[in-house]
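Here come two complexes built around subunit A, the first alongside subunit B, the second alongside subunit C.
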Partner chain A sequence: MSQIQANSAWVRNIAVSPNRYHRADEPGLVPTWWRANRRFALYMLRELASVFLAVWSLRLLRQLNLLRQGEEAYDTFVAKQRRLPWLLFHISAFSFALLHSVTFLIAAGKGPTLHFMGRKVSERTITAGAFAGWAIASLAVLLALLFGGRGEDT
Partner chain B sequence: MASGESITLTATRYSPEADVEPWLQSYVIPYREDMVVLDALNYIKSYVDGTLSFRWSCRMGICGSCGMTVNGTPTLTCASFLRDFFPGEIVVEPLANFPLVRDLVIDMSDFMHKLGMVKPWIIRDRDKPVTEGEYRQTPAQLEEYQQYSQCINCMLCYAACPVYAMEPEFLGPAAIALGRRYNLDSRDEGALDRLKVLATSDGIWDCTFVGECSVVCPKNVDPAKAIQQTKVDTTIDWYKQHLLPWMRR
Partner chain C sequence: MQIQRDMATHGEKDVDRIEPFWWGLFAAGGGIAAMFAPMQILLQDLLGNAGVPVATSSYRRARRLAANPLVRMYLFALTSLSLVHWAHRFRYYVMDLGVTGARRQIALVCYGTAIAGSLDAARIVLRLPGRAR
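Here is the complex of A and B:
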């Protein structure tokens, strides 16, 4: 990549030579760039999802670690999760996870190049298939949660 | 057609000999609903202010020369009608993310250099003699790359890309799309050569999939798709190479 790097240095040289050329700033974006249109804002929200999911994952690791410390420690932790700030966090994390999943699956059609019966599978079909797979997997998880532990409870 | 009506067009002005910073100048010109922004700029150039500089050529969305930022959106001015903005004001600025040469004219050298890096031409290990005839393709083979061959090098995708704005080292949407166009061409044998440029941290892996490049593309090339497909292909190839070497093509 030495050619690209050499060239970018050349661009920067232009930027500091306003007598010949003008570049508004050094390479970069104004902090409000994402407010230019709805798609940029959605992109930033999609990226922001990673922060919530990272915190949620750390919280899960803490929860798993507490399993080693006995029932009381675990129950105390779970009880805290029912407080309003944590509930708001969980709702936010779930919303962001949903947003990330939807935007990821919408984009899924752009990734693979698939062929079926000698013909290229369209982007729309791949996306529809991804959503169908997601719906089936979600339904399976929901059924497992609702009915999976019934035998043990009774 | 409306007659006697006028519209205000504001354009970026910058003269490297006289100005430290670009500035905006407004022109009030006659409005016709069949005029495009490029027509308005040419009207200004011909009848109002001959010093206004901008780049254009074909006036029909083929040459890719007249790309500018119109009311904040990178667009071909020959395909952008005044009626879509009337009676509001139109603000025409140069394409973002490129050095400004004069008024609405940007320096495209960086793009031209990167375009050359992906070798956007058919590479053959061995050219067959003319006597053996032409390189033939089936319609299916043509369909593989045809979408990406529609690129007119207008650079709207670079102006729309926040990654390119942040990291000028980024190879950029159009160059990657054109690299993929030739990699998918059944007549081409230069894919490995191009992947040395495409499959790098300054190439496809710099893209965070904002997707705006495909939104502004006037020819529906969908560079974001080309980048994601190349990511998938190179990832599969990496796994084949390291985990399943016997499956590698």
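Here is the complex of A and C:
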């Protein structure tokens, strides 16, 4: 396949209007189609994860914004996070974030075709690399949050 | 030749030039959230609130940590790209739930919210205080 052909295929696959391929456009598709089997239900749960991640991001921005307003405002916000409704939200957000990570990183191996030293990199290798990256990123967050920000007073 | 054939097959007007832009940001947001969000939620919001001494539970430590330019870039990327990721997924999630009308309006609300949220994230991160004295 020439480069031009590869490029046009890329455009065709990525840039086609969603009006043409989205499931919801299938004629006669009922709104409860995703309850037909567990794979569809898992797909819908995975998509829902983005809602929890977005709300969690907005909550994180609120917490960061309070750093400007002083210690008392920040500590009050942090103390509120220990209440039951917030605890339930955090447990849900964590569960959905895990589901998002696992499904997204598995999908990472299915998407691109990579070549290394003239040989095609297998789907398993790409997925393993993605999970290794997840482990390294998680370790960085762990170290930053456990040991970061320490000073003479802490 | 192939491109001309593709255009003849699909019609030039069918090639959505904006979609790859949003899809790229969507993938970046999905990737960064997949890599970093679970551990941050676990430590900051679950273990931290359970008494584990993480940096975000203490104002002084959180402030010192957030003074680091790398941490600021990370926080901006994580929050803004997560919002864009949400916008792109939620736009189609609504269709999956059977809402097939008002697509342009739904897309405007989703991407508009993500853009506004990203601008707010930039404002907040840029105005974070420096190290406490």
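Rule of thumb we're sticking to: the second predicted complex is superposed on the first by the 116 of 154 C-alpha atoms of A that agree within 3 Å, B and C clash if a C-alpha of one lies under 4 Å from a C-alpha of the other, contacts with A are read in each partner's own complex, and residues count from 1 in each chain.
By our rule, contacts are C-beta pairs under 8 Å (C-beta built on N, C-alpha and C of every residue); 3 or more make two chains touch, one makes a residue touch a chain.
Since the model is a prediction, treat every value here as computed from it, not as a measurement.
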Identify the partner contact of A:76: answer first if only subunit B is touched, second if only subunit C is, both if each is, neither if none is.
-> neither
Check whether subunit B or subunit C contacts more residues of subunit A in the superposed model.
-> C
A:138 contacts which: subunit B (first), subunit C (second), both, neither?
-> second
Which superposed partner A:125 touches (first subunit B, second subunit C, both, neither) | neither
Figure out whether A:63 sits in contact with subunit B (first) or subunit C (second), or with both, or with neither.
-> second
Go through the superposed model and pick first if A:39 touches only subunit B, second if only subunit C, both, or neither.
-> first
First (subunit B), second (subunit C), both or neither touched by A:98 = second
Shared subunit A surface residues [contacts with subunit B and with subunit C] | 4-5, 7-8, 11-12, 14-15, 18-20, 22-24, 29, 34, 47
Residues of subunit A touching subunit C in their complex?
-> 2, 4-5, 7-8, 11-12, 14-20, 22-25, 29-31, 34, 44, 47-48, 50-51, 53-54, 56-58, 60-61, 63-65, 67-68, 70-71, 74-75, 78, 81-82, 87, 90-91, 93-94, 97-98, 100-101, 104-105, 108, 133-134, 137-138, 141-142, 144-146, 148-151, 153-154
For the subunit B and subunit A complex, residues of the former touching the latter | 14, 16, 19-22, 72-73, 98-101, 107, 109-110, 113-114, 117, 140, 143-144, 162, 165-169, 171, 197, 200-202, 208-212, 215, 222, 224-225, 228-229, 231-233
Interfacial residue positions of subunit A with respect to subunit B in the complex = 1, 3-5, 7-8, 10-12, 14-15, 18-24, 27-29, 33-34, 36-37, 39-40, 43, 47, 107, 110-113, 118, 120, 123
Flag every residue of subunit C that touches subunit A in the complex, lowest number first.
-> 1-3, 6, 10, 14-17, 19-20, 23, 30-31, 33-46, 48-49, 53-66, 68, 71, 75, 78-79, 82-83, 85-86, 89-90, 92-93, 95-100, 103, 117, 120-121, 124-125, 127-129, 132
